[in-house]
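What follows is a set of notes on a single structure, which appears directly below.
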Amino acid sequence: MKVALFGAGRIGKVHAASIKMDPRSELVAVTDVMSDAAEALAREHGIEARSPDAILSDASIDAILIASSTNTHADLIEAGVKAGKAIFCEKPIDLDLARALEIRKIAAGHNKPMMMGFNRRFDPNFAAVKTALDAGEVGKGELLAVTSYDPAPPPVSYIKVSGGLYRDMMIHDFDMCAFLFGMPAQVMAHGSCLVDPEIGVAGDVDTAIVVLTYADGRLATIRNSRRAPYGYDQRVELLGSEGMLAAENEIENTLVKSTSAGVVSAKPVYFFLERYMRAYAIEWSAFVDACVDGKNVPATIQDGVNALALAEAANRSRVEGRPVELNSIMTGN
Amino acid sequence: MKVALFGAGRIGKVHAASIKMDPRSELVAVTDVMSDAAEALAREHGIEARSPDAILSDASIDAILIASSTNTHADLIEAGVKAGKAIFCEKPIDLDLARALEIRKIAAGHNKPMMMGFNRRFDPNFAAVKTALDAGEVGKGELLAVTSYDPAPPPVSYIKVSGGLYRDMMIHDFDMCAFLFGMPAQVMAHGSCLVDPEIGVAGDVDTAIVVLTYADGRLATIRNSRRAPYGYDQRVELLGSEGMLAAENEIENTLVKSTSAGVVSAKPVYFFLERYMRAYAIEWSAFVDACVDGKNVPATIQDGVNALALAEAANRSRVEGRPVELNSIMTGN
Amino acid sequence: MKVALFGAGRIGKVHAASIKMDPRSELVAVTDVMSDAAEALAREHGIEARSPDAILSDASIDAILIASSTNTHADLIEAGVKAGKAIFCEKPIDLDLARALEIRKIAAGHNKPMMMGFNRRFDPNFAAVKTALDAGEVGKGELLAVTSYDPAPPPVSYIKVSGGLYRDMMIHDFDMCAFLFGMPAQVMAHGSCLVDPEIGVAGDVDTAIVVLTYADGRLATIRNSRRAPYGYDQRVELLGSEGMLAAENEIENTLVKSTSAGVVSAKPVYFFLERYMRAYAIEWSAFVDACVDGKNVPATIQDGVNALALAEAANRSRVEGRPVELNSIMTGN
Amino acid sequence: MKVALFGAGRIGKVHAASIKMDPRSELVAVTDVMSDAAEALAREHGIEARSPDAILSDASIDAILIASSTNTHADLIEAGVKAGKAIFCEKPIDLDLARALEIRKIAAGHNKPMMMGFNRRFDPNFAAVKTALDAGEVGKGELLAVTSYDPAPPPVSYIKVSGGLYRDMMIHDFDMCAFLFGMPAQVMAHGSCLVDPEIGVAGDVDTAIVVLTYADGRLATIRNSRRAPYGYDQRVELLGSEGMLAAENEIENTLVKSTSAGVVSAKPVYFFLERYMRAYAIEWSAFVDACVDGKNVPATIQDGVNALALAEAANRSRVEGRPVELNSIMTGN
């Protein structure tokens, strides 16, 4: 299976490695608006840096992997559909829910696999929560708590084009809730600027709690912070009628040092590249499974729409200071 | 220091043991509307079961410990104040905030120590969180998460007179938030009936999430469930600008069994008597410190009012489906 | 059941508290060669300080608890037997195995309960290992590892009269091996002086490893150090044919602090009084069970002899630099 | 740097992947007495399966990686030295210490890097122990305990040609002791056959404890079992004058499931391929560092001789039932 990569940045490189690791897929081309980045990555993999058009019109290319900047995702999905390619796209579809819904319509008739890059679904720890929940190991799910703290805030320049914390950062946690509990009925969002005042000046929050209420009474809560001085904190805790499931952080190493000062363990692995390294490879293999073996795509464009709708609801909730019904967000679909 | 105990039930027995353990205090009398219970406890401690009046009018008794049913607390505090006794009272002051505010006024001029039984403040694990936070070990507090699950729901007959989950169960967690973060500006409550439908029929919830918003942007969340099949789950997690503090559960023993089926550790200690055994003794000693050494009372009647006001706000928030300002609750104080 | 206490030192006080805690036993007298210590403890408990003879000849006293210095144990057991008392004696019977064997003979016909204070058998963590092993939860035991480090070495003056590390400190670990695995066939001892050169000058070691070989091939190892800067380290690990059992340390509190410097947990509880507080109370209740309900004594004088024989074998092994057969030690019994 | 691989079995495949992962090294040829295995691996990597001679005489090949069966190691090192190749060789040099010493002599003048595959030195957890010890974080090392259990015993046919547990399995642990504590003065070995009677029939043990005594009084102990039903158990614990270092197992995932049955965590990762996956990659990079950047080889042929000498001493100790001096083993070097 021949694959072309759109985007030669940090996440593009991760995906290039995953493509290489799966013996069923082969990276054959890369493109990036930063031609230097494209050239460098092409050299490293012994492939060609090409133009988007050259890639899309090359019938020998089976699939495209969209890892370029967010504002290009929707157009590239559209172009990929038109070109008849299998499509793997990094989240989100678009920052604008209306545009995402449009893309969903365009993609509806596409007869090739189309997958959204919700990498955390493939993290072995979170996947183990899902497996145990589905197997009924803790009975029926009741209370879900997702904790997700970045080690340090991004530059404010990034914040300004990010779409805001709920769309940019919490979107992964919205997807985790949807992955484990499905879609809620209502969203209540709280947010503050405690980490970097500049983030507040830019109109965004850096510290947030969101509560999701489900039609059947289940509850979920998400905690986000743009700063955790001890590293990337990514945990899920799920109380069910017969027990609890908790996925803890992965740590740098297993050394424990005990001295008169206390018992010291290693910190969580630093950031998403370290924590989700395995998840990215597993995620890619799942896409190849869909392309090669016709398996179901485990993170669909509908999942992308869902996460975006939750982010939209959270934004509205925070601004208006009241719970927002999902129905009101999805109206017009 | 001579002490009389009001209430010979489960929690009364715990306090009797604490009184005995501190060499500075002596249990001299007990009273209970269930005279059998009073007699039994009296026999066990080689003391007298007496009437409330006999106790209150006995000038040799320095302090009363109120561990009788909730609906007697306010009247007994009032009587204790009139009788000039030092007073230790189990939470809550009363289920009715207005009555609690009245009691606060009555108690205002009382020149003896008066302490509310917020036992969790004295749990060595939570106390260690407080100490570390106050010492600046994780910088400024930002996000607080209190988890508090009972092992199993009480009978519905109890639920009906309990004042509801927010006043009966979550009141401890409200106090924990107040203990660590002070009083918030706003309360948003969510609640469901997932554990026992009869609890819903009785008009109460058994599963709840509350979010507290502070004037300076700090956020706190409380999770409650009336059921945790693995036992009493009592944890606190606090993200600060320079790190995180987490107080984990205490467990039954430290045995770890590794077999082909997995690695199995002991469950948390079963319920509050086991978990807070040490806390009750430390709490009592703190009261004796106040009575004997003139130290500050570490859980005041104002703390009792505060927790009740938060519960009141939570009740209103859940019923009205919107955030409630604390100011609106405290109005009229 | 009326009890008299021999020895009002540190461990005597612990036992006095345990006697008080069990409602079936009553402390009625105390004696100590340090009459001040005896008087102080007597005052605290509202009892009498008496002479040993007065205690032994008082027919109303059912049991004696021997917590005086090691060199008095054997004589007091002998006197207690003669006086017809139930006897609880702190380990060891004597530093001299021959004398211990003599005492065993004397005690053989005694028709009252006689128990050795091997407190660790009653530690809930180690007891859980025993229970799981006996229940076959990890199949047949194969490899046992006992770790036992004191937080800091005692003064050399103590070392000089202690009988040496194997008899004084490791005797508890020998009993733990006997408790879990029974008596071995062979002992190989290694020892060094690494902690305090004065201990070496006194002819003793402060760091030691002993390997026990069982007739059926099972193996056990004990590690001892007189110094663990992080506190009292008391662990057991047992590999069986179907799994492993490990009893970990108890810790001061459950606070976990995560900062850029790492993840810090609390240290183990400091020393034996903290770690074995619960064990001492359970141990005493087991003795009362034997006295009052006729239950089996869970740590017999034979157990005391066994531990001493292992210490003796270890001493000989270290001096002679070769494995020593238990048979050769027990010869003459 | 062009590399040829000797041995296309399980460990050969691991090394092939490591060679591929380091951008500075390129796998160009493979050879194996099982030509099918060589062909398969060659196909997978798009390289040639060649004869040993063809490889050794090919001047374009910079380094050989010896991952063939143990009995070929010595001859291949010799041939590699003669051919002027950099050499990476799996442990052990040979099962016979005399032959290993011969090889050491032959290799003495070799002016290319020569490294032994002691992969555990590169495990991030054990490496962290070494780093902390060298940095003085726990003062001076005193007591070392290495635990190393395989999940399940190999077939007896393997045991018969393995050289026995001390040479085949414990050799890694001997190297770990040497890595952390250097070479001891004395070895005392104990061993039993508890796992599989056929192993005993073959003259070997499957359960073993070895104690190493150092000239300066430090002590080390190694525990081995051919069976741990919960998976590969690989831990190191080191008590120093100022604290303890412990490297715990890596686990399959971080899921913790709490139910009425207990709190269940994941097992250790299954076996050496899973546990040491990262270590193999880091190890290979260290060899490339030596070849390309002239860095020191972190596991020398002397390290290989040392581990073998310890195994030899352990064998003799167990057979003769007494401690064996290392000097007596090294005599004749």
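We call the chains A, B, C and D, going by the order they appear; numbering starts again at 1 in every chain.
What we mean here is this: a contact is a pair of C-beta atoms (placed from the backbone, for glycine too) under 8 Å apart; a residue touches a chain by one contact, two chains touch by 3 or more.
Just so we're on the same page, UniProt names per chain: A, B, C, D = Inositol 2-dehydrogenase.
Being a predicted model, the structure only gives us computed values, none of them experimental.
Shared contact partners of subunit C (Inositol 2-dehydrogenase) and subunit D (Inositol 2-dehydrogenase), listed by label, are A, B. In this structure, the chain pairs B-C and B-D differ in their number of contacting C-beta pairs, and the larger number is found at B-C.
Centroid distances built from C-alpha atoms place B farthest away from subunit D (Inositol 2-dehydrogenase). Averaged Cα coordinates give subunit B (Inositol 2-dehydrogenase) a centre that lies 57 Å from the centre of subunit D (Inositol 2-dehydrogenase). As a whole-number value, the distance joining the C-alpha centres of subunit B (Inositol 2-dehydrogenase) and subunit C (Inositol 2-dehydrogenase) reads 40 Å. The set of subunit C (Inositol 2-dehydrogenase) residues touching two or more other chains comprises 228-230, 242-244, 258-260, 266.
Those residues of subunit D (Inositol 2-dehydrogenase) whose C-beta lies close enough to touch subunit C (Inositol 2-dehydrogenase) in the complex are 138-140, 142-143, 145, 147, 149, 188, 190, 192-195, 207-209, 211, 213, 217-219, 221, 223, 225, 227-230, 233, 239, 241-244, 321-323. Within the complex formed with subunit D (Inositol 2-dehydrogenase), the subunit B (Inositol 2-dehydrogenase) residues making contact are 228-230, 251, 258-267. By the touch rule above, subunit B (Inositol 2-dehydrogenase) contacts subunit C (Inositol 2-dehydrogenase) in their complex via residues 23, 44, 124-125, 128-129, 132, 137-138, 242-250, 252-260, 266.
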